[in-house]
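Next come two complexes, and both contain subunit A; in the first it sits with subunit B, in the second with subunit C.
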Partner chain A sequence: MRLLTHNLLICPVHKKPLAIRHVTSVDIIAVEYQPQFILRMIPRLDWSLLREAALAVESDCIDALPETPPRPQELEFLESTNDEVERPPVMAALQRLLLETHVVVGQLHCEHGEYYQIDEGIPNLLADAAVYPSEKVSAQASGAPVDEETAIPLDEQTGS
Partner chain B sequence: MAHRPESKAPPEVFYDSKEARKYILHAHTVDVQTRLAERALELLDLSSSARTTTSPALILDLGCGTGLSGDVLSRAGHFWVGMDISSAMLAVAVQRDVDGDLIRQDLGEGLPFRIGSFDGAVSISVLQWLCQAERSEQDPRTRLFMFFMTLYACLRRGARAVLQFYPSHERQIEFIFTQAKRAGFDGGLVVDYPNSSRAKKFYLVLRAGPPDATSRAPRAALPPSSETVPTIAPERRLQPAGKPDSASSSVATAAVVSPAQRYAHRKTSPRSALAVRRFIEKKRARRLRQGKSVRPASKYSGRRRSTRF
Partner chain C sequence: MSLSLREIETLLSQLPWRQFQTPRLQLEQYTTPVHLAARIAHHVALSVPAKERGSQLVVDLGTGTGVLAFALHLAGFDHIVGVDIDSDALQLAKVNAEKLQELCSTSAERPVDFALMDIQTSSLALTGAPFDIAVLNPPFGTRRHAADVAFLEVACRVSRRLVYSLHKSTTRGYISKKLERLGYAARVYAQLRFDLAATYAFHTRRSVDLEVDLWQVELK
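So, the complex of A and B:
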């Protein structure tokens, strides 16, 4: 799943943005430089979510991303200077992040607690595939793998 | 039409690994799917919604399956996001190394995207699956409406959705139409090759947002031999629902004081004697049916007692 798709995705239950966490595998697949397409996509993006996603996949493009999205005047400037040879650093970073970075294995967390698994680059957003935090306890009992963070307090409880 | 796949099993069960392999090995299946996708892309008419024809668009592929329709989009230079419920079909799509992104989701649950994300949507042979209820709590009407409503939201204004489907009967087309109209879509049905029973294909061409005056309505493709006017009208348009003339009726009733206005100073408005009487008669009849004791009916029933009693 490209980070562009992730940026447009929302939680099917709560309609809130999904945060990428526990990324274990990332693919970089180079594609042709698409300045027109990226410029069209910038107004549709959730910029802070993109920055968080870039941190989650540990991309080195994060330094080239400004804190705030480019303003309309800056967009016009970028449009006038789109050059195949000498790409502006923002455009190069967006090309790399939006179109070339694929999350292969990871999790999509909603702010309400439930999360969805990404396997082979396919997020499973089916209602019965959502994992709720309260289910983690029962998942551990049945032998399913659980995050280490949640496993530790449970061990302490049984020890005392 | 006796063996329709959607009447056999739910899509996530029907499209197993055996069925999915047909979509890579059977040349005929691949050919049909590819041609349907090419025609859908043609009907999508991206040049009117996307600003330039040279720039790639972001397209949603609903029920992408093994990504055959996505390949057509990729060849045209577009980026696409595919959604499907069958894990076996998606696994084949991963094997084939398709260019688009894949998401596993039930379309009847709605599309999980932010508003105004996509430049267009295509869907090949999927819509008829949504007309089936696989579990007792599923209602096709609600699911279709949910699908169209979220589709409308995630498309850009003026963008198109082209949905090819195999209707099982005439009323199913009406049913799907109604739900699309409820969700705010404007559009029509394009029937390709209407006089052939095998080559006949239905495309629901929907437009999200205000209709663009500059773009022409699509024309149905006809076999080269029959250039004359087809016997069946190939195109139907949704008629906007006529609004009742509410302005004139409100003027007429303005002079009459309504009971609510007359008794505005009271906490409860008095019920008319007739309404009280009717209620008592009804309750009396009900208690008689239940075999309970009732007072005999008289002319005094439901009347107020005089204050001097």
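So, the complex of A and C:
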């Protein structure tokens, strides 16, 4: 899964962006420099999600990514340089991150707690494949005894 | 890379997984026959100027073993996401991707990004309308009523520019009315023949030719 594809995905249950976590395998595969495509994609990107993804895969490219996406007037200048040495740092970083960085094994976490597995580069975003944090699942499923000090009284849970 | 129809067909016919081994009846999985996939890709490519093809983001909804997605790549598209609900099919798609790379040295490595997803509206895992072109070869809705129209609606939502979808020619009036009611400008772009090899036990004849329409929806 390329980071471009990741940027387009949301949680099938809560429709929220998904944070990349627990990455254990990343492939970098160089492809032809495609400034026109990158420029077309910038307005469609969730920029902060991309920055977080760059951190999650521990890419050096994060240093070249500004906190906010480049503005349209800056983009025209960026397109004109095609040569590898001349590539503006932000474009080189986007080329590497969006088109060349593949998460092979990892997880996609929704802010509501469930997460989705990425295996062999394929994210599994089927709602019934969602994994819930283990403590929640085991307590619910087994009805196991809960530590009395941390347990919330039933009336507080229901808000009555 | 932008190959001719014949070249695309020749390459696709060498992929190991052009058919599913154990098709799941409920999902109405018919693999897109190679000749049909090549033709669809060819038609889609012709509607986008050659210079622009490489900068379009394309999604193949219900990609199966990826045959149509690879055809699109061979026709000049470089950024393709293939989604399907069946993990077994996507595993085979990966095998196909490796084979394609072997057969065609000019093909980019991992030309298609695959994701497991249910493309019904309620469980869709895609943000907004991120794609320029959506292509789908939906279930033909013969056993699950109106399934193909539901997928077509999703395709129109996730794409910004164009949607291509395959439907039985006998449903032309119905599809036309549905799209009109949804407010989309659509037309039958090409009529093709779908050679349904006898995939399922209830297909008594060995092979049945089916007339299908390739619909084009232009989005604004």
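By definition in this document, the second predicted complex is superposed on the first by the 127 of 160 C-alpha atoms of A that agree within 3 Å, B and C clash if a C-alpha of one lies under 4 Å from a C-alpha of the other, contacts with A are read in each partner's own complex, and residues count from 1 in each chain.
The rule is short, and it goes like this: a residue touches a chain if its C-beta (ideal position, glycine included) is under 8 Å from a C-beta of that chain, and two chains touch if they have at least 3 such contacts.
On a predicted model such as this, the values are computed, not experimentally measured, just so you know.
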item: Superposition on subunit A - do subunit B and subunit C clash or fit; value: clash
item: Subunit B versus subunit C as contact partner of A:Leu55, first or second or both or neither; value: neither
item: Partner chain in contact with A:Ile28 - subunit B first, subunit C second, else both or neither; value: neither
item: Partner chain in contact with A:Ile10 - subunit B first, subunit C second, else both or neither; value: both
item: Overlapping contact positions on subunit A, where the subunit C interface meets the subunit B interface; value: 1-2, 4-5, 8-12, 17, 34, 36-37, 40-41, 44, 46, 102, 120-127, 129
item: Subunit C residues within the subunit A interface of the complex; value: 54-55, 57, 78-79, 81, 85, 87, 90-91, 94, 108-110, 113-118, 123-128, 130
item: Residues of subunit A touching subunit B in the complex; value: 1-2, 4-5, 8-12, 15, 17, 34, 36-37, 40-41, 44, 46, 99, 102, 120-127, 129
item: Subunit A partner contacts - residues on subunit B that touch it in the complex; value: 50-52, 54-56, 58, 79, 81, 85, 90-91, 94, 101-106, 109-110, 112-114, 116-118, 154
item: Contact footprint of subunit C on subunit A as seen in their complex; value: 1-2, 4-5, 7-13, 17, 29, 31-32, 34, 36-37, 40-41, 44, 46, 102, 120-127, 129
